[in-house]
Structure formats: structure tokens, C-alpha cells
């Protein structure tokens, strides 16, 4: 398991290659990248800043990956979340999961994203030409996370 | 939409970057890579060869992506499938989907893979120290595809 | 009526050919009739009957035994697909 | 009893501080009691009551108003998370 909170960008191909490195049983690699769109809740974005709760963030993400492992026979997973100042089009988050079969890889990747969205202590602030504003939590994210406990 | 049947390997990061190129509305990129495992149905693998029905393959994959677009509000998708001789650990297939939101990106990526597995005319032959054998279709793949029509 | 017939994967290997072009006898107007016509060649052609869940495509669209055939059609027989 | 209290995101901005260390008066033994104690400071501290779906963590685990507090605990108040 690799968990990283960082200001720098990440390299999806390198992270996926690292998940396979030295393993002979990987048949499926599912990955997800979340990006800063040019348009946010508050209209056109000029930037975004990401705050987090250092210490709890890493703990929370580790626990989420452990829960994915407990539910699904996956081989390994990587979660990278950027913090600090981001521009439209920038990468925000990477979740990559290695498994023997695709069903488990897809499910674990989506599970980790759904839980990250609702449980990991990150907060987004959008910057627009009219000023900045904290992003509101979305009910659709709560529903996405709830589907795993149904 | 990009569909490619090729002998060469692909670059996941480059394909994902191409999907975002020139778009301001991509908030989510889901991707899947299928790989040759070192152990197949017939034990340890020394290689794999992939045959396809040239012409029908491209048509079939285009139709599958169009079906994904008709079901889900995705922005763009890329499907690359390798053919010919592959070694253990080699990439076989890439499906990458760009969308505004993650739910649609995940669903479309999995839909395309499930349909590709059961409808696109590719056939795998595994090579082992004891000889070669055509891979049998798996009932679990049929069930995975059927869940989209439930 | 002239057809192009293609065979893939294990079927191609068993039959020892990947395609053939031939004029059909009168009375062969559907995939099922073509299938029976090929089976009647005997020997290796029984593989067409022995392939579990044999699939057929006409002009690169999935078809069934009832699908009618027209002059110039491309018909392909193959086992269930295993890509991805 | 001494606690470290952290504030994040909009709450940090409104309160004008990201953390404070302070000795609690007797009788403050749960998150709910700490919350009431902070609210009683008045002014900007009403933000603790005005934050929709206020979240709290004790020692970096999600907690509730009933969670008991112990000497040296780290308590964090924040709005619902919006990462990813």
C-alpha cells in the first residue's frame, strides 16, 4: 500500500508500473484520476486550494484501503492526493488498484474513491474571478458511499 | 473516440493525457489495464497469442463505446487492444474514459470492459511449458455483461 | 450465390484454413443451411458441430442460424470470444 | 485537563485560528461539553453552531458529541470533507 499527500503532481503510468513491479499475479489494474475542472460550483475557476488535516488524512486513507482489502481480494493499492494551490486542469487525486481480476479492481477503486470523498479530511476552496469560496459537500457523494453498506 | 488494434504496447499516461487535451470539462478519468498474468488456466504461462477478426473487431469496439455513450454522460473514451505474441506481464488492453464526474467514468469503463470481454472478436491462446491451448470463455464474464441489462 | 466464409481460433486450426470463397448450391439460403452444408463435408468439419457455443457473424454483425444469406456475404464461424 | 483543539477550512477562517492549546475548566468531560464551552465565548464562535453538519474528530478518529475527553486529547472541528 502506498499513501501519499503531496503538493507535487503524480505520474499515473509510473504509479501503475510500481503496483505491478515484482508481482506475477496482477491481471487487472484499475485507476482513477480526479482533476480540477475549469468550471466549478461557483462558475469559471481560476484556481483551487486544498487544505487537509495532516496526520488524520494519512490515517484515514490507510484505513479506507484496509477496508477495501478486507472486502475484496485485491493485491495492492496506491492513493495519492495533492494539497496546496492547484490550477484548472491539474490532477487532484489518484487511486490505482492491482488485482488478479477486473471486477475486484474496479470495485475497490470505486470504493476507495467513494470513501475518500466522504471520510478523508480534505477541503477544497475554489477561486473565481469574483472571489473564493469553500466547496460544499455533495449529497450525491454521501449516497455513493452509502451504496457500499446496502 | 479512439479505437486501436495494435501489436505495439501503449502508454497509459499518454492516452489519458490525450483524452483531456483541449477539454475544460474533464473532472474524472477512469482507466483499466488488463495484463498477461504469469499463471493462466493451464498453469504457468510462457506466452500468449491474441487473434482477432480484423474489421469486425474495430466495428464491435466502436459500437460498444457508442452504447456506453448512449447510457452514460461521458465525454470521450479510448480503447486499445493488442494482438499477436505477448509475454507474461505484458499489457493486453486499455480502456480509458473521461467524464465530468467519477460515477459515470467508472461505470462506462467497466461497461466497456464487460462488453469487450463477451462481444469483441478476440481469442487468446496460452503457451505453457507443456504446450499451447485456447482459453475457454468464462461464465463469470457472461454474468458481468448481463448485469448491465438487468 | 457466392460467399466468403471465415474461421477463427480453435476452429481455424482444426479446419486447417482461415477462409474460403465458394459458390453455394441452390437451397442454401440461411446460416443454418450453410452450417449443415459445411458439416456434410465430414471429417474435420464436425468441429463446427463440436464447438461449444459456436458463434456466427454475417457481414461482421453477430447472427443466428436463422439469419438469411445474400450473394457476396461474409460469414464467420468462431468459438466464444476471450479477449480483454 | 489540557487539550489541543484544531479548526479547519471555513471554520479556521471564521475563527481566525487553526489551533489552540488550553486547560479546560472542571465539568468539561465530553466533546459536547467542549463545544458548549467554546460557543460560550460568543461572537465568531457561533460559527461552531452555524456550520452545517459540523464534524469532530478526537485523536484523529471521527467522534460524536458524546465522545469523552481525556487529558492530552487532540480534538478537531471541521465542516464536511470535500476532497477527491
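We call the chains A, B, C and D, going by the order they appear; numbering starts again at 1 in every chain.
The definition used in the following text is that a contact is a pair of C-beta atoms (placed from the backbone, for glycine too) under 8 Å apart; a residue touches a chain by one contact, two chains touch by 3 or more.
All figures in this text were calculated on a predicted structure; none of them were measured in a lab.
Each step here moves to a touching chain, and the least such steps from subunit B to subunit C number 1. Between the contact lists of subunit A and subunit D, the overlap is empty.
Subunit C and subunit D, compared by their mean Cα positions, are separated by 73 Å.
Between subunit A and subunit C the centroid-to-centroid distance comes to 49 Å (mean Cα coordinates, whole Å). The distance from the centre of subunit A to the centre of subunit B, each centre being the mean of the chain's C-alpha atoms, comes to 23 Å. Multi-chain contact residues, meaning those touching two or more other chains, occur in subunit D at positions 84. The multi-chain contact residues of subunit B, meaning those touching 2 or more other chains, are 34, 102, 113.
Every pair of chains that touch is listed here: A-B, A-D, B-C. Against subunit A, in their complex, subunit B makes its touches with residues 11-13, 16, 20, 24-39, 88-89, 100, 102-103, 105-106, 109-110, 113, 140, 144. In the complex of the two chains, the subunit C residues touching subunit B come out as 6, 8-10, 12, 53, 57, 60-62, 76, 78-84.
Looking at the complex, you find that subunit A touches subunit D at residues 34, 50-53, 55-56, 59-60, 81, 92-93, 113, 116-125, 134-138.
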